[in-house]
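Take a look at the structures listed below.
In the two assemblies presented below, chain A is common to both, partnered first by chain B and then by chain C.
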Partner chain A sequence: MRPENYEAQSQPPSYDYELNIGPNHPGIEGNYAFKLRLNGDRVIAGRADAGYLHRGFEKLMEGRLWIQNLAITPRICVPDPVPMEVSYCLAVEDLCGLEVPERAQWLRVMQLELSRIAAHFFIFGGHAATTGMYTPMFWGIADRDLILDLFEEMTGGRVYHIYNIPGGVRRDLPDGFGERVTHTLNYLESRLPDYDNLLFTNQVFVHRARGCGPISQQQALEWGVTGPNLRATGLKFDVRRDDPYLVYDQLEFEIPTEDPGDAWARALVRRRELKESIRIIRQVVARLPTLAGPIRCPIPNPLAWNVPAGSTYTRVESSKGELAWYVVSDGGERPYRTHVRGPSQMHAVQVLEQLAIGCRIEDVAQIMFSLDACPPEVDR
Partner chain B sequence: MRDIDHQDRGGLLGPLKNLSFFARQPITEPLGPRPASANYRGFHLNDWDLCIGCSTCQKVCDNAAITMVRVPGLPEDPVKGIRNLRPAIDYGRCCWCALCVDLCPTGSIALSREYVHTCLDSELDSYFILPDARGIHGTPYPKGWAKSTDADLVALDRQPMTEQAPAERIDNFAEIVAGYDANQALIEASRCVQCGMCHDACPTHMHAPEYIRAIWNGDLEGAVREIYRTNPFAHTCGRVCTHRCETACSVGHRGAPIAIRWLKRYAMDAVDHERVKQIAAEGRADFISGKRVAIVGAGPAGLTAAFDLVRQGHDVTVLEAQAQGGGMVRYGIPDYRMPADRLDRDLDVITSLGVKIRYNTRVGVDLTMERLRAEYDAVMLGVGLWMGRSTRVPGADQAGVKRAVDLLRAVAAGESIEVPQSAVIIGGGNVAMDIARTLARLQQQHYGEVRITLTALEDLDHFLADADEIREAREEGVQILDARGPQEILMREGQVAGLRTWGVRSIFDQAGRFAPSYDPADEQIHVGDLVVEAIGQAADVALLGEALTEVLQWHRGRLQVDGQGRTNLEWLWAAGDMVRGPDVVSAVADGHRVADSIHAYLSVQEHAP
Partner chain C sequence: MTNELTTWLDTLLAELDAISVRRTSRRRLRVEVASDALPALLELLRGRASFVHLSAISCVDWIDAGQFELVYHCWSYEIQSLVSVHTRIPREPGVYISVYDIYTPAAFFERDIHEMFGVWFEGSPDLSRFILTEWDGPPPMRKDFDSEAWVNQHFGWQDYHPDWLKNLEARGGGIAVPPDEQRFSRRTVDET
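Entry: the complex of A and B
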């Protein structure tokens, strides 16, 4: 609104007023607005306002060859791009009946878990910043960068890897990569006590986070909550364990849960998942040298790839929750329809709107970040 | 969380924990330049010597970031499959997915290990670049993401073709090549990257990418439709074409080119013949122009022109001296390469459109060119090369010395020929191979053994015959001697007994003229009671008559025609082998050209007052 058009309106005094959070706001990783109705510093109602990152990917994908869509998929969720790639490839493989070589499956697991670690470090930092602590944020971003270095070496790209391809992966690991992964994991693991000291036993954080934005298990199930947010309500559900894909059924790892369902529990679940992901990657690093063989099964010429007609829903566990592609093929060289089930869609819209009611204004950003909602995934 | 005690409120000394960080390395990135990883997907590098401008990168690019730019000065040769196009990248669109690298048929594109490009506002167009091997900034950065066997998305291996083993095929004229089955054809068709190099290289510019894609999509009738857009000799070219398309194929630069010829053959064999006739008749003019065209010679050139002209509503009569149509395809190419029944199908399609062929009608004997000129609005000559050339060595005029064309014609026409117990062939081209392998089969049938010697001027590296022909001839028992120059036909008791040859020192003189020099010390005698000369052919132009021969323009013994195949006479055209190189598909291309020219001439006549 331009100043010259602004006219002060004479209205009766009111206790209620409106406040816009966003569309640019450090409370969430992307452009996303949240309109609040407040009474004093209490939130009466919140309305999620998505759409600032709508790039029309699902429609765009209908006009592109199956393989060209590979470049779009990671862009749907920027902080955790790998599950997008992998589940899209799983969908195409399912429709085509492709058998992915074992080595490629292990490589995918490594990439998925590295991505989970990177995403969790990212979200830690953000969550800490919303409670006024900026050091964990700088640390989180800096430590995430070490994972990006590994990604650069493994996939050729730091953020958008485009490493998976239906049928397998595009490159084998460079020489000595296993040692470098182990080195980085050792370092990150040695950093965890620092994070605990700085954040998880920090009384400022503990007091701010406990009891903030609680979700009961019942509510979580009704609202479609998945991932760490669901496990923070005490329900042990993880796609990796309950509907295993790739080689997760051959790996040893725990599914951490917490009971309270509040922001504190959600942060703790992520913190404990970090350790499990490190454990998984160590198993992959130990296993990979025993797996010789191809990294991709033979696939048709990408320019003439007609995927058999049918539809499929392939889900994976991303750092945010259950992420899946619903893909429909009419037998052509382009998808007939694609739809991505981004877990953030539920977390950032219906859950956030409910949780905001009744909380204080300074907790809104914390609730947003503790849900780990990813706006590009909501809008796509 | 059990291992984190969040009830621990710390002690008084808690803040002193900070001190432990003094001794640690900072967790920030160092500021100095740092090399990108060996796989990094940075800016594009393109080796212009390897790049052929096939535009596959442009086709697979997700974001339409690649524009093919014509670079003057670079080689452009459709026959070799090289265009002077090079990819230019718009980095406002590029997403660095490197699919262009993985799908590049030649492996010329790579991405560099270069992180940063930045510019002033006035240089915004520096985001649109035409990369060469030195990359975006002209500074040599090493390759990052490049072609590797891991990432290659081009299928380099061709589907194997089932062929008869030498032992099975040596005593009969059954077709050697079995053709693809449906599955093989599908897989082979799927390899095509649709670059269109084949289309550019083909003399008649067949729509190979389109029919290959139709085969891949299971639309075989669509494939036949694409084939008939440019080539009525579809069965023939599916079998014996010189397949310049495959030489130009971009996939052939690192692997085996797409088997374009076999795919055409597959499509033609797979579709019902009656349906093929319907498809070929699509788009035919539904009026009669009232113009009459006479075509002399029912070979590929003549019948292609006839096919086109009939489709345009003209009345076409083809005059053929032999008892059957097809010209050299029938009378020059042995059955094991080109079965007569498939040629009959091609002819059936052409005649089903209304082309009239008068067989056993030799122009110059049965009727004259003057009469043709009087009775028809236009006349086309497509008489082929039916006169075998002679080596003219001493003894070459003996009755026991034959020309390859004559023998091949006799065999194809079903005439009985005297099969020699041993034979010597002079010549190293495909016709020499044809006669050698034909005689080998006949010898096998009559005597149960093959005794054939083939001598050629060229050494094996410069043989004119296809490599496959040489290999298969050897498998069938033909002895091939390279770099031998014929000197004399040897006679014993009035009968041919063999050939005496000298070794060849060089074939051409310093000016590049044909002037073979021999080494008399390197003399060999080849025994044979038949000597066959297969060293080239000429057109028999006696049919023209003296008066016409006088009026027409000639160039080194060949009838001279313009770019449209027209002679210096307004009503007379010539096409095919007699004016252009001897292969079927060039003759077909010639036929189209002449038909266009005749049609234009007749149409103009129509509108003239």
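Entry: the complex of A and C
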């Protein structure tokens, strides 16, 4: 239309309407619905709707042997499954009073940190895709795949490893695995400047992510936010350092923090954490050859294993935040009760509902991905 | 500093009545308290002892004792210690007080426990269905809920016996599962 022919028309007044995002959409790593109430393109209110991935794991685990439950635990969180199995094993070991051999503890740390790197690459890609940039998404998935190759060699499984058992790990590293890990880490580290150029200093991303879904430190503490989302508000808290498990107290690593608390800060914290995880794995690779010895301690016949009565609460730091198991045994061969506290149970429900208020519709998916919400953890 | 605070906390808790405190490890404290004193204790932990982070609320169904056990896991960023506060409420009618006004994250956990165990939390902001949206049965995490019987009553069984398997069996192959090794017993709710 030529400008002289243009006549401004009175627009119909913005109206309230409802929009269902999900259960399938790019803003989250699984099936999860978010029901929005909008005025024009502003969100007035949002309501999380879970349950599409409910598999009743806690109930299932009450009916299975302690050792059989190992096959269930990693499936609770698909992108970052390792902390689930490690924390469940820590709980059983705590109940039985088992001493895990040192070599097994270092192997677990290696597996945990590799999983953290894989999860963070996944999130870089996902977060970039919600701002319309698809190249980092393909890069992220491709680089994550290199870690999955390492997992396949180390554990036999790519996504679900079931590598840990109460008392240690299933098998030792194959020959020459340390060099291959170092090689992959060197490659991934050399890729980080590319990610910086393409994503983290890209003005499209910076402008979209800055100021998007901000959380203040006080709000984060109020809402029970943990993990990178909490560190993005400036609080230096990490379960690995403040409530140490395995051999994390013998490792050197920084806990990156940022102050703004918005999507941009959350992305940066993950980017810097990735570098720290690489540093941790290098220490593990250097240390492992000096640690001879068994990789698991003797356990009773796992098919007739009565775990002593008691209860325990074990916490680990997953890539999304504080992950905890409350496990109760009545002295039987099956758990009496298991309760998993996934970090997303906080930031994917209440926090998301709060942050969505007042933002624009195109930022909703970005907020969801920048919080690193994991629906399988919420549904269990 | 941390040690001083820890000692101070131990002394504080030891002075309270009707409460049993046991230190299970350096960073774990197990507290058992009567159900009517629990909100006051949480108020104290949060307001006076820096336990600002409610990590989780767990519910355990002790069906033989006729009780629900509620466990509140609180973490202090300053003392770096986790207190698990255990309390028990009668299984019937299964009503308790919400601690939402003390800890905001309690809303999620109370909603979850209400859905899975049927415990009603007085004063909780939202106890509507969340995960089991279309569920109309009894609360499934209770110990007296038998999933297998429920499935048998509400879903039909279908024998999977396609033609290719019949052909295979005619030639002496296939997998035969003897009745006593079949996993599902096909009993229904009424029979139990």
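The working rule: the second predicted complex is superposed on the first by the 366 of 380 C-alpha atoms of A that agree within 3 Å, B and C clash if a C-alpha of one lies under 4 Å from a C-alpha of the other, contacts with A are read in each partner's own complex, and residues count from 1 in each chain.
The criterion applied here is as follows: contacts are C-beta pairs under 8 Å (C-beta built on N, C-alpha and C of every residue); 3 or more make two chains touch, one makes a residue touch a chain.
Values in this document were obtained by computation on a predicted structure and should not be read as measured data.
When the two complexes are overlaid on their common chain A, residue A:326 makes contact with chain C while staying clear of chain B. Look at A:50: by the touch rule set out above, it reaches chain C but stays clear of chain B. Once the two complexes are overlaid on the shared chain, A:142 sits against chain B while remaining clear of chain C. By the document's definition of touching, of the two partners only chain B reaches A:296; chain C does not. In the superposed pair of complexes, A:177 makes contact with neither chain B nor chain C.
Within the superposed three-chain model, A:59 lies in touch with chain C and out of touch with chain B [touch as defined at top]. No residue of chain A contacts both chain B in one complex and chain C in the other.
For chain B in complex with chain A, the residues that touch the partner chain are 1, 4-6, 8-10, 17, 27-29, 36-41, 56, 59-60, 62-63, 95-99, 102-103, 111, 144-145, 148, 150-151, 153-155, 189-194, 213, 216-217. Of all residues in chain A, those touching chain B in their complex are 64-65, 67-72, 139, 142-143, 145, 149, 152-157, 160, 162, 170-172, 174, 196-197, 200-201, 203, 206, 256, 258, 268, 271-272, 295-296, 299-304, 306. Contact residues on chain A toward chain C in their complex (touch as defined above): 49-51, 54, 56, 58-59, 63, 221-224, 226, 235, 237, 242-243, 311, 313, 315, 322, 324, 326, 328, 336-337, 339, 341, 345-346, 349-350, 378-379. Residue ranges of chain C in contact with chain A, taken from their complex: 27-28, 52-56, 58-61, 71, 73, 75, 77, 80, 82, 84, 103-105, 107-109, 112, 116, 130-133, 140-141, 147.
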